[in-house]
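Listed after this line are the structures, all set down as structure tokens.
Each of the next two complexes has chain A plus one more chain, namely chain B in the first and chain C in the second.
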Partner chain A sequence: MQRATAPYILILPSFLLAAAIILWPLKEIVSLSLHDVNRFGMLRDFIGLEHFRVLFADPDFIAATWRTLVWTAAVVLGTLIVSVPIALILNEDFYGRGFARILIMLPWAISLTMTAIVWRWALNGESGMLNSALRGLGLINTNIQWLAEASTAFPMQILIGILVSVPFTVTIFLGGLSSVPDDLYEAAATEGAGSWDQFRLITLPLLRPFINIAFVLNTIYVFNSFPIIWATTQGGPANSTDILVTYLYKVGFRIGRLGEAAAVSLIMFAILLVFTIIYVRLAMREAKA
Partner chain B sequence: MSRKLKRSILFWLLLSPIVVVILFPYAVMTISSLKSATEVLNPNWWPSELRWENFPEMWQTSGIAEALANSLYVSALSTALTILVSIPAAYALSRYQFAGRDAFRQFLLVSQMLSPIVLVIGLFRLVAGAGMIDSLNVLVVIYTAFNIAFCVWMLQSYFSTIPRDLEEAAWMEGASRWRTLIAVFLPLAVPAMVVTAIFTFINAWNEFVIALTMLRTEGTYTLPIRVFSLVAGRYTVDWHYVMAAAFVASVPVAILFAWLQRYLVRGLSIGAVK
Partner chain C sequence: MTIKQKLCLLAGASLIAFSTSAFAESTVRVTIAEYSKGTGPYFEEAARAFEAANPDTKIQIEVVPWDNLQQKLTTDISAGANADLSIIGTRWLLDYVKESIVAPLDEHITPDFKARFIDTFLSPSVMNGKVYGLPIAASARAMYYNKDIFAKAGIDTPPATWADFKTAAEKIKQLGGETYGFGLQGKEIETDVYFYYGMWSNGGEIVKDGKSGLDSQAAIDTAKLYKSFIDGGLTQPGVTSYSREDVQNLFKQGKVATVITAPFLSNQIKAEAPNLKYGVAPIPAGPTGDKGTYGVTDSIVLFENSKNKEAAWKFLDFLFTTEQRTKFDKVEGFLPVNAEESRDPYFADNADLKVFTSLLPNARFAPVIPGWEDIAQTTSNAIQKIYLGEGEPEATLKEAAAKINETLK
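Coming up: the complex of A and B.
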């Protein structure tokens, strides 16, 4: 093996495979989005940005876009806020810590689809155990039809989204916390810093890069997350819980308007790209400072 | 009362709300899977009798055995393939300087951003055009491609923590680069490979949207699609069987995960800092 060619041979299999499965469909999507397409995927005339124009005139698309932003912001911020104290607790030494970690991590190991299907059953109006549990606690008097309208279904979906994102986030934070040396705290304690000051002045700054990573990865995952909404309401009732991914799936595979679905894909890709570029810029500025 | 005991009680109290909410759906799943067809419609917690027969009955009627085999096939094969192509790439990134190194890393970053759902229209068109709808092997290739970025990234950052001196010492002794790789380097990298393999396996095991799109006949369904098909688009859903099926689909992986969880925390923390 020549020294100069060796690295290229080593990266070639992974590059070819990833490129074929990612760049080739991307090319297909671009061409679909710019052509008139019949429902069997046959390309007809080149129509430029017509599909995009149709989309932006569709109130369902606009609503799904805003809902996606709400969904992503609510789940990601909710997850970060819940995960920091959990990680701080799980990083301390206490009886049953190993068991507590397993309990918190559990949703990670279980498929999102299964979790969402079980929630769909738990949220059932008549037979669902959430209603009976809340009634048992005296919190509600009458059964709530959780999934029958968006005003109750969507917050529940956000809650499920947070619950299934916590394990991954806590794991990243635990990794970060384990890199904080103990003597730093001891030194701070001898200087007379209270536990809030220790948290604010030592833990939080050291945790910063990990919070950033968790923020970016969660944003990408949540923005693209399909099973929670699809398995609970399929974006219903009347498209009122659709986010972009479920809207895309419906337009593409239910209605069969592949050109418009391809246009939605590209818009999603553009949003993700802008987000990533902003993030990389910020991260670089911070690294310089 | 010792300080540690006091602290333990306080921490468990603080954790209890989130633990309750996390466990709630799985408790519902377990209890519903043991209720009879009529009792499952009553939202009481304890069934009057535990119907263990639900499990063999569900096993017979739901086609879950086939789905379990399909899921195992797809997950195991795509995990093996992912690791196989990711190791050389990660090794190249951590041990060589070459033109295009940064471009390759950026390509990986972008491919991490493009989730299957964004590409599903294009993928479906390609797969349908090749007449390969319903092929589990297509699923294997797609899952592998989408896991490469994460795997290379994780392995690369772990590889960078392995000191070069060890390899250089082996070269001094006259071992070839290839032999050094096999005998010295890879054995040291086993923990990272195990962690990435588990992640890839769980990702493939749980994947939903590609399987939903590419698999059209029941015989090829993977577990998530099989269980979803017991619920979606039906007028009457046998919820006690659905919950039993979800139980069977979840518990083995959950136990595996609980057992390996400490290695995951350690592995991810190494990967995350880089």
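Coming up: the complex of A and C.
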């Protein structure tokens, strides 16, 4: 009896804390999303799922949802693909490795908003550094207006997203690589395995749990990431680079429809929750097999 | 230390404690929008000067960047943690009045106080016959033009009509190089307003008889006109990537020959591009001689839930003395809202400001309608689509007008 209750008593304080900072706001948001709310957050009539109906009838919301999925998938996969080789190189012993590591990690030390604003300047059509660099190299003759339309702005935003996600991901991978014992490679080398086989058969499987965690954490961060898109285009022109967070901000704080904004945030929460559960399930099944 | 000394100290200490509680009994919190880097220091200085004259009141200034002001006010008000006074865009005022968030000021306003103001600037803050805010900042819009570029292209006077303007822009294009006649804003705050300049010249209105004017012939003509500037290479390329600040910067760099903006650009040019030769002219007129400028005021409001209304009012009274207004408008480059202030030689003899004040009789203020930001966003989106060539002007504007009419209902 005593043994059965003790764990619950011990986790009770942290449970209460978590409940206070997670469950209570959640309850508030649910209630906002089901009521008619004025622009200052005062509740009026209960209107059921009306806010959700309005959202799903809004083509901008549907477009922003799809764009969020593209944005998340592109940034997360791009980050993983870029980070694995970087981590492998930084794990090798070479002259100037410390310096190289600092260079790769440096973007992490700068706030995301600052990075995004610097990129906004760099991407400026008439006085941006990117255009003048490309012209200096003779690659283009006329300035490219990077942020003028989604077809150039959105890919650049994804590239910036990858750039800022790399340091964190590389750090996780470096931790993973340092836990791979060297004698595995020595044994493999004596058996005649080339470096590609060593990577495929030893490094990648042992790095697997680290890739998983980097995948899940990056997905959550990137899905909810606001500064890059807001600082460069504010989701424009004409909502063509909006993702769900920027859409949410506009609906909530620009236009002042707090009820709809609450509904958007619940939908985002649900998407992330479903995604994470599926992913954790898959990862666990794999681990058992 | 003797007991007597201790007693004395104690008495002294309690006296200090008593006096602080007796004198500094009210704190007035003021939320200030940051117009420039001079805004915060100006208000801090004003607060200290006020405190020196009124030792029983403490003024606490909170400076917020413009972009975050709406968000801060929304969250503060919904949590009941708002300041006593705040600057807001007068175009938002109706939403605040409807929800009884702000208090009418009439009981404090004496005829003398009212007489301080230039009426044009006070009237936008009057709703249902009551004064709900005082115009803390006022500006109008006019066209800045680069005299050197105009001279090089052989143009002597700033364009009087949009047709003249187009001819001028074509001449500037023929100069070759990367200089463009019309600096056109197509991104972020006031993208819609930049469109209204042309729309007003063509005789259009933002809202007429409770309906959006975006589907009027004037609006459609303006969209086609602006689009012809874009397609003809008469604007900077990629207009949808240029915010108001970006276009102003192009003007300072001499890359665009004109920009339509507020008086504060003069101060910026003085500081950042002192060698730029520029002039200020009215916004070109339309085919029938119609013209208009955008008059903007920001209001400082008193919240209904303030517990220090008396002290807050006293601070307002202080801020709107001629001396304080003159200081503030010089720092920011705004138009004087105070009649006596406008006779100050700094304003009265300033060539740039004279053009702005001469336009005031034609100034359009944001209409008193709910959901101004909502309408601004719908309008900006529609215009961006037209600028990008993603939407045919007439159909896009009609669709936007229908959406705005829903908001206006």
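One rule holds for everything that comes next: the second predicted complex is superposed on the first by the 270 of 289 C-alpha atoms of A that agree within 3 Å, B and C clash if a C-alpha of one lies under 4 Å from a C-alpha of the other, contacts with A are read in each partner's own complex, and residues count from 1 in each chain.
The working rule: contacts are C-beta pairs under 8 Å (C-beta built on N, C-alpha and C of every residue); 3 or more make two chains touch, one makes a residue touch a chain.
A quick note: this is a predicted structure, and the numbers were derived from the prediction, not measured.
Student: Should the superposition on chain A be reported as showing a clash between chain B and chain C, or a fit?
Tutor: They clash.
Student: State whether A:V118 touches chain B only (first), chain C only (second), both chains, or neither.
Tutor: first
Student: Check whether chain B or chain C contacts more residues of chain A in the superposed model.
Tutor: After superposing on chain A, more of chain A is contacted by B.
Student: Considering only touches as defined above, state whether A:N239 meets chain B (first), chain C (second), both or neither.
Tutor: second
Student: State whether A:A64 touches chain B only (first), chain C only (second), both chains, or neither.
Tutor: neither
Student: Let me test your reading of the model: by the given contact rule, A:S127 touches which partner, first (chain B), second (chain C), both or neither?
Tutor: Both partners.
Student: Output check: A:T171 vs chain B and chain C. Expected answer is one of first, second, both, neither. What do you get?
Tutor: A:T171 sits against chain B, while chain C stays out of touch.
Student: If we overlay the two complexes on their shared chain A, which of chain B and chain C does A:A261 touch? Say first, second, both or neither.
Tutor: first
Student: Which partner does A:P227 contact after superposing on A: first (chain B), second (chain C), both, neither?
Tutor: first
Student: Taking the superposition as given, does A:S14 touch the first partner, chain B, the second, chain C, both, or neither?
Tutor: A:S14: touches chain B, not chain C.
Student: Does chain B (first) or chain C (second) touch A:F210, or do both, or does neither?
Tutor: It touches chain B, and chain C stays clear.
Student: Would you mind checking which of 74-82, 146-154 or 380-388 on chain C runs into chain B after superposing?
Tutor: For chain C, the clashing option is 74-82.
Student: Residues of chain A that sit at the chain B interface in one complex and at the chain C interface in the other, please.
Tutor: Shared contact residues on chain A (touching chain B in one complex, chain C in the other): 41, 124, 126-127, 234, 252-253, 258.
Student: List the residues on chain A that touch chain C in their complex, please.
Tutor: Its residues touching chain C are 38-42, 123-127, 142-143, 145-149, 153, 233-234, 236-239, 250, 252-256, 258.
Student: What part of chain A is in contact with chain B in the complex they form?
Tutor: Touch residues, chain A against chain B: 1, 4, 6-11, 13-15, 17-22, 24-29, 32, 41, 82, 85-86, 89, 92-96, 98, 100-115, 117-122, 124, 126-133, 163, 166, 171-172, 174-176, 178-179, 209-210, 213, 220-221, 224, 226-227, 230-231, 234, 245, 248-249, 252-253, 258, 261-262, 265, 268-269, 272-273, 276.
Student: Of all residues in chain B, which touch chain A in the complex?
Tutor: Touching chain A from chain B are residues 4-5, 7-8, 11-12, 14-15, 18-19, 21-26, 28-29, 31-32, 40-45, 84-86, 88-89, 91-93, 96, 98, 100-101, 104, 107-115, 117-126, 128-129, 141-142, 144-146, 148-149, 152, 177-178, 202, 205-206, 208-209, 213, 223-224, 227-228, 231-232, 239, 242-243, 246, 249-250, 253-254, 256-258, 261-262, 264-266, 268-270, 272-273.
Student: Give the list of chain C residues in touch with chain A in this complex.
Tutor: 70-71, 74-75, 77-79, 95, 99, 101, 178, 186-188, 236-242, 246, 249-250, 253, 255, 371, 373-374, 377, 380-382, 384-385, 387-388, 390
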